[in-house]
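Read through the structures below before going on.
There are two complexes below, and they share subunit A, which is joined by subunit B in the first and by subunit C in the second.
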Partner chain A sequence: MPAPEIVLQQAFNGLMLGVMYALIAVGFTLFFGVLDVIHFSHGDIFMLGAFAGLALLGLWGAAGLAAAPVVLPLTFAGAMLVTGLVGVAAERACVKPLARSAPLMTLLATLSLGLVIREAILIFYPRGADPKPFPALLPAGGFDVAGVFVRYENLAILGIGFGAMIAVDLVINRTRLGAAIRAVAQDPDAAQMMGVNLDRTVDWTFFIGSALAAIAGILNGLYYSEIHFIMGIMGGVIGFSAAAIGGLGNVYGAILGGLLFGVLQTMAAAFIPRGSEFRDVVAFAVVMLFLIFRPTGILGEKSVERV
Partner chain B sequence: MLTVWAAEAGLFVLVVAALLAERPLALTATVAAVAAALALLRLHPGLRRTLSAAFAAHPRAAWFGGAVLALLLPVALRHSPYWTFVATMALLYVTIGQGLNFQIGSAGVINLAGAAFAGLGGYTVGLLTVTAGVPPALALLAGPVVAAAVGALLFVPILKTRGHYLALVTIAFVFIFNILVNNLEFTGGPQGIKNIPTLRLGGHAFTTPLSVLGLTLPYHANFYYAALAMAAVATLAVWRLHNSWLGLALNTLRDDEIAARCSGVPVARQKLIAFTVGNVVIGLGGAFYAVMVGFVSPPDFDFGYSLAMLSVIILGGVDSIGGIVLGACLLIPLPERFRFLHEYRLLLYGIVIVLMLLFRPGGLWPASVRRYGAGGAVSPR
Partner chain C sequence: MITRRDFLRTGAAAGIGVAVVGRGIPAGAQKKVIKVSFVGPLTGGTASNGLGGRNSFLLALTERNADPRSKYRYEPVVLDDECKPTVAVQAALRASSDPEVVASVSHYCSVVAIATVDTWHKAGVPSMVWGAVLPDITYGHTHVEITRVNGTMINQNQVAGEFAVKTLGFKTFSLIHDTTDYGRAHAKYFGEFVEKAGGRILSAQGTAKDQKDYTAELTKAKAEKPEVLWYGGLTPDGVRVKVQMDKLGVRAQYQGTSGIKSDTFNETAAASAEGSLAFVEGAPTEKLPGGKKFLAAYEKAGFKEPSEAYGPFAYVAANLIIDAIEAVGPDRAKVAQRLKRTKNADTIIGPVEFDEHGQNTVALTTKYVSQDGKWVVWEDSEYAGGKRTLPGHKFKKM
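Let's turn to the complex of A and B:
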C-alpha cells in the first residue's frame, strides 16, 4: 500500500486533469440539455480553443505585449469568442437541423464535423501536423502542504477552472438566459409557449459551452506546455464519458464526472504496473461499468422516456 | 434482356475507364462521360423508366450479367495490380458494411466499435498462424468466431443501455481494444504481427500470379476473387436474414422497442442475435484483411476506421442491402482516384458525410419499404 502522501499527491494531480475534463463535459451536458443531442465535434472545438489561444499569444507577442496578467485574460477572451462562434456555427449548420432525427445521425454528423475541424487545423495552421510548444505563462515554483507539493501553476489552473464553472453555474441559476436554458431543457414546446426564444437560447447555450471548451484547451496547453491537433479526439471521448458518468443534462454531474475521470486516470497511472500505458483502459473500463450499473449516470439523466 | 446487359456493360466500361484513366485527356473524357450518363438518367425520366422496367422484368439476367462482369473486372484491370487491390478493399468493405448494417441499420444497435471487431478477426488470424502455426484457411474461419465470442462481453451493456450511452460504451470498447493491442507483448505492440502466411487453395498460393484462359493476372486477383465470394456470401446471408421474420422483428424493435415488446418480440434475444451475426461478418472481413495484406498493427483498427465503416452505411443507405454495396464501391475507390487531392482527402470526406446527412439522410440507395401480401416483393420466411 503506497504512502498516504503519494496517494494525496496523485489525487491532486488528477484534479488538474479533472478540471479540464469537467469544463469539456459541461459543454456536452449543456448541449444535451437543450437539444437532446451529443455534439461530438465538441472535442475538436476544445482543440481549436487551444490553437486559437496559441495563435493569439503569437499575435500579442508581435504587438509587443508580454506581461502575463495582461496577455492571459486577452487570450482567454479571444479564444472563447472564436470557439463560441464556431460552436454556434456548428450547431446552426449541422446539429439543430438533425436534432429531430435518429441519435445516430447527429452523432455521425458531428463526428464528421469534428474530422473537418481537425483536418482544417492540420492543413491550414502553419506546420499543423507537428506538436506545438505552448508558452509557460503561469508563475513557477510552489510550496509544500502535508507532504503534497503544490505548484502555483496548479493553483492557477484550479482557480481559472473552478472560476469558470462557478460563473456558468451563476449564469444558469441566476439570469434570465439561464432560466430560459433550464426551461428549454425541461420542455422546449412549453418553454416556447411561455415566450422563450428557442433559437436564441440554443445559440447562447452552444456559445457558452464552446467557450468553456476554449478555457479547457488553453489550460491543457498551459499544463502540458504542448498542444497537438489530434488532442481533440481523446478530449472529446473523455469529456463525453465524464458527462455520461455524471448523467447527461446534469451540470453538477458533468463536473463530478470530469473530476472523477481525471483522478481515476492519474491513480491508475501511478499504482498499476505499467499504469501509464494502461491508464485509459482502466478509466474506460470504469466508464463501461458505470453505464452498466447506473445507466443514467451518478446524478441521473434529466428526462424520462415518453412512449 | 439486352437492355439490361447493355446497361450493365456500359456501367462496367465507365467504371474501368474511371479507374484506369491516367492521362489528362482520357481522364477528362471519362469524367465527361460519367457526368453525361448521370445527367441523362437525371433529366430523361423515360430512360429511367425503361431501365427500371427492364431490370424488374429480367432479374435473373441482371444477376447473371452482374456476376459475369464482376468476374471479368480483374481481367480488365490486369495491368494495374494497384486497382485490383483497391477493388478488393471495396469488396472487403462490402462485407464489413453488411455486418455493421445488420446491427445498426436493421436492429438499431449502435456499434461504433466496428474497427475493434474487425481487429479481433485480424489479430486472431495473426496470432493463430504466426504464433501457433495454424493453417491460414483455418485461422480465417476462427477470426469471426473470436470476434463474436469477445462481442459477448458487450451483451450486458447492449441490453442495459441505449442510444448515446450505447454509442459511448462501444467507443470505449474500441479505445480499450486499441490500447491493449498497442501495449501487450503477445500482440506485438505497436509493430503488430508481421509475416502472416498467405492462403493456399489446392496447392495454389495466393501470392503467385493467376493464369486463366491464357491470361496472366497479378496475384492480387486471387484475393479479389476470394473477396468477391466472401462479399457475395455475406450479402446473400444478410439479405435472407433481412427478409426473414428475424429481420422484420429487428426493424420493429429498432423503430419502437416498447411497441415491439408489447407485440411479443423477444427484444433482448433478437438484439443479441443481430449483434452477434453482425460481429461474425465484421470479424470475417477483418480476418480476410489480415490474410490479404500479411500483417496487422494497431493503427489498422483504430476509431477512424469505425467511422469509415459507418460512412459506407450512411452513404449507401441505412438498412439498405444494395445501398451498402453501392456505398462501399464508391467510398473506397473514390479517395484513391483523387489522390491529387490527397492532403484534403479527409477534409472533403467529412464534408461529404455532413452534406449527405443533411440533405439525403436515406443515403444514395434508400431502403425500400417492406411490402407483404398479394403482389408484395418479399414475404417473410
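Let's turn to the complex of A and C:
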C-alpha cells in the first residue's frame, strides 16, 4: 500500500497535467458546440502556441526585455494573437467551405492542416527537428505540504490555467459575445434571425479556442522546460478525448474531462503493476467506456446550454 | 576538390530523386549512374540523429562523385523511416523495388532496423546498419545482406554497468526505459551487467516512446531513493526524464545510453544536463583516426545540422558500400557477399571487420560525461580529474 504522501504527490502531478489537457479540451468543446465540428488540427495549434511563445521570448530578449513580469504577459498575449488568427484562418479554410460536405471531409481537412503546421515547424523553425529548451520564467524553488513537494512554478501554472478557464467562463456567460456564442450553439438559424452575426461569432469562437491552446502550449513549455514539434499529436488526441469524457459541447465538462484524464494517466502509471507501460491504455480505455455507456460524457446530458 | 555546387547537386538529387547530370561535373558526366539508398529518421523525435546520418551519407557520395577514379556516378535515394517500424518497412520496400538501388545505408533506430531485416533479405538488397544497436539485428539470423558498422548494446552495457558499480561506486539503480525493443533490451543487458558487478536494481519501469510527462514514474523512483536513475531511450525522452527529475528533486546520478549522447541533449536539457553520463561504441568523432578530416569536410559542406554521434558510421557505411560496388560492380548479390567478407577495412572510424553475422567487431566503448554543455570523454573530464564531483556523489554525501 503506497504511503499517503505518495498518493497525494501523484494526484498533484496528475492535476498539473490535467490543467494543460483541460485548456486544450475547452477549445475542442467550443468548436464542437458552435459548429458541430471536430477540429483535429487543434493539437498542432497548441504546439504552434508553444513555438510562437518561444519565438516571442527570443524577440523580447533581443529587444533587451528580460523581467518575467513584463515578458510573460507580452508572450502570452502575442502567442494568443498568433494562434487565435491561425485558428480563424483554419476555420475559414478548412471548416466553412466544407460546411455542406460530409463531416468526414472537415475531419480530413483539419487533420491535413495539422500535418501542414507540424511539418512547417519542422522545416522552417531553425533546427525544428530538435526538442527546444523553454526558458524558466517562473519562480524557482518550492515547499513541502504534508509530504507533497509543491514548486512555486506549479502554483503559477495552476493559477494561470484556472485563471484562463474562469476568463472563458466569464466571456461566455457575461458578455454579448458569449450570448451570441451560446445562441449559435443552440440554434444557428434562430440566432441569425435574432440579429446574431453568424460568421463573426464563429470567428470569435475559433479565436478564443485557439488562443486557449497557446496558453496551454506556453504553460507546457514552462512546466516541462522543453517543447517539441510533435507535442501536438498526443496533446490533440488527449484534449479531444478529455472533451469527449466531459461531454462535447460543454465547457465545464471539458475542464472536468481534462483534469480527470491527467489524474487517471498519472494514477495508472503510479499504482498499477507495470502501470507506466499501460498509462495510456488505461486512460483511453476509460474514454472507450464513456463512449459506449455514456456517449454524452459526464456533463453532456445535464448541460442546459451547449457551448 | 569538392565544390559547394557539387554537394548541392547531390543533395538536390536526394530530394527529387533524379540523376545529377550536366555541366560542371565533368568527372561524372559519362559514368553509369548507381543508386544507393539511405534510410533513417528524418522527421519525428529522433530526426536530429537521422539528419546527421543523412548528411554524412550525402557527404560520402559527393566525395566519391568528385573523385575522377570512381567508375560510377552515385545517386542518393533518401527515405524517411520516422523511427517507426511500419514506415521503415515501406521505405525498405520502396528502395528494394527500385532495381537501380544496389545497396542501402539503413536505420538509426533499433526498433525499425529489426523490423526491416527480412525485407532487405527477401529483396536481396545489401543493407548496412549505421546506428541501431539491438544485438538481434545482426545476431538474430545469418542473412548475408545485413551488416552493421556500429557496435551493439551488449558491449555498451557491459562497460556502463561495470563503470557505474566498480569505478563510480554506485550500488542502487532505478531504471526507466522506453518500451521499444531498444529500450527493453538496453534495460535487460544493463540490469544483468549491474547485478554481475554487485549492484542492485530497485525497479524497472517501461514507458511509451515520445512520452511527455514522467512525473509519475519519477515520483515512484524518488521514493526508492536510488543512487542512480538510469534511462534507456533516445534523446528527446532522455531530456524530459532528466529535466523533470531535477524539478521533482530526485537526488540521484543520471545515467543514459548511447541514445542520449547527442548535442541536442545538452542544448535542450541546458543546466540540467551537467554531470549526466552516456556511453557510445567507438570513440568521439574528433578522436577517430579520420575524425578531424571528416569533421572538416562536414563543416565545409555547410550542413545546417550537426553530424551527431552516429554520422561517422553512416559515412563509413556509405564508403564501404561504394568500395564494394567499385570492386565487384553494381550487382546486389555480389555486393552483399563482398561486404560480408569485409576484413580490416581502413575507415575514418578505424579498421572495420565483420564477423560471421556481419557485425563489426568494435570492442571499444567510450564513456562520456556532460560538462559545461558538451559531452566530454570521461578520462578527459574534470570529473575524472577530481576538480568536479558528479551529482550522484554529492547526493551520497548529503
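Everything below uses one rule, namely that the second predicted complex is superposed on the first by the 298 of 307 C-alpha atoms of A that agree within 3 Å, B and C clash if a C-alpha of one lies under 4 Å from a C-alpha of the other, contacts with A are read in each partner's own complex, and residues count from 1 in each chain.
Basically, a contact is a pair of C-beta atoms (placed from the backbone, for glycine too) under 8 Å apart; a residue touches a chain by one contact, two chains touch by 3 or more.
The shown structure was predicted, so the numbers you read here are calculated from the model rather than taken from an experiment.
Participant: On subunit A, do subunit B and subunit C fit together or clash when superposed?
Facilitator: clash
Participant: With both complexes superposed on chain A, which partner does A:S210 reach: first (subunit B), second (subunit C), both or neither?
Facilitator: Neither: A:S210 stays clear of subunit B and subunit C.
Participant: Applying the document's definition of touch, where does A:D280 land relative to subunit B and subunit C: first, second, both, or neither?
Facilitator: Once the two structures are laid over each other on A, A:D280 reaches both partners.
Participant: Should A:S225 be classified as contacting the first partner (subunit B), the second (subunit C), both, or neither?
Facilitator: second
Participant: Scan A:T29 for contacts with subunit B and subunit C and give back first, second, both or neither.
Facilitator: Neither: A:T29 stays clear of subunit B and subunit C.
Participant: Give one of first, second, both or neither to describe whether A:T83 is in contact with subunit B, with subunit C, with both, or with none.
Facilitator: neither
Participant: According to the stated criteria, A:I6 is in contact with first (subunit B), second (subunit C), both, or neither; which is it?
Facilitator: In the superposed model, A:I6 contacts subunit C only, not subunit B.
Participant: Looking at A:I38, would you say it contacts subunit B, subunit C, both, or neither? Reply first, second, both or neither.
Facilitator: first
Participant: Look at A:L111 in the shared chain and tell me whether it touches subunit B only, subunit C only, both, or neither; answer first, second, both or neither.
Facilitator: A:L111 sits against subunit B, while subunit C stays out of touch.
Participant: Between 22-30, 58-66 or 94-102, work out which stretch of subunit C sticks into subunit B after superposition.
Facilitator: 94-102
Participant: Overlap of the subunit B and subunit C footprints on subunit A, residue-wise?
Facilitator: Overlap of subunit B and subunit C footprints on subunit A: residues 119, 274, 277, 280.
Participant: Residue numbers of subunit C touching subunit A in their complex, please.
Facilitator: 42-45, 47-48, 50-51, 176, 179, 205-208, 210, 212-213, 215-217, 219-220, 223, 235-236, 239-240, 243-244, 247-249, 264, 267-270, 272, 304-305
Participant: Enumerate the contact residues on subunit A facing subunit B in the complex.
Facilitator: Per the touch definition, subunit A meets subunit B at residues 32, 38, 93-94, 97-98, 101-105, 107-109, 111-116, 119-120, 123, 233, 237, 240-241, 244, 248, 274, 277-278, 280-281, 284-285, 287-288, 291-292, 295-296, 307.
Participant: Mind pulling up the subunit A residues that touch subunit C in the complex?
Facilitator: These residues of subunit A touch subunit C: 3, 6, 9-10, 13-14, 16-17, 119, 122, 127, 129-133, 149, 151, 153, 220, 224-226, 228, 230-231, 234-235, 265-267, 269-270, 274-277, 279-280.
Participant: Please output the residues of subunit B touching subunit A within their complex, sorted ascending.
Facilitator: 104, 108, 110, 156-157, 160-161, 163-165, 167-169, 171-173, 175-176, 179-180, 182-183, 258, 303, 307, 310-311, 314, 318, 343-344, 346-347, 349-351, 353-354, 357-358, 361
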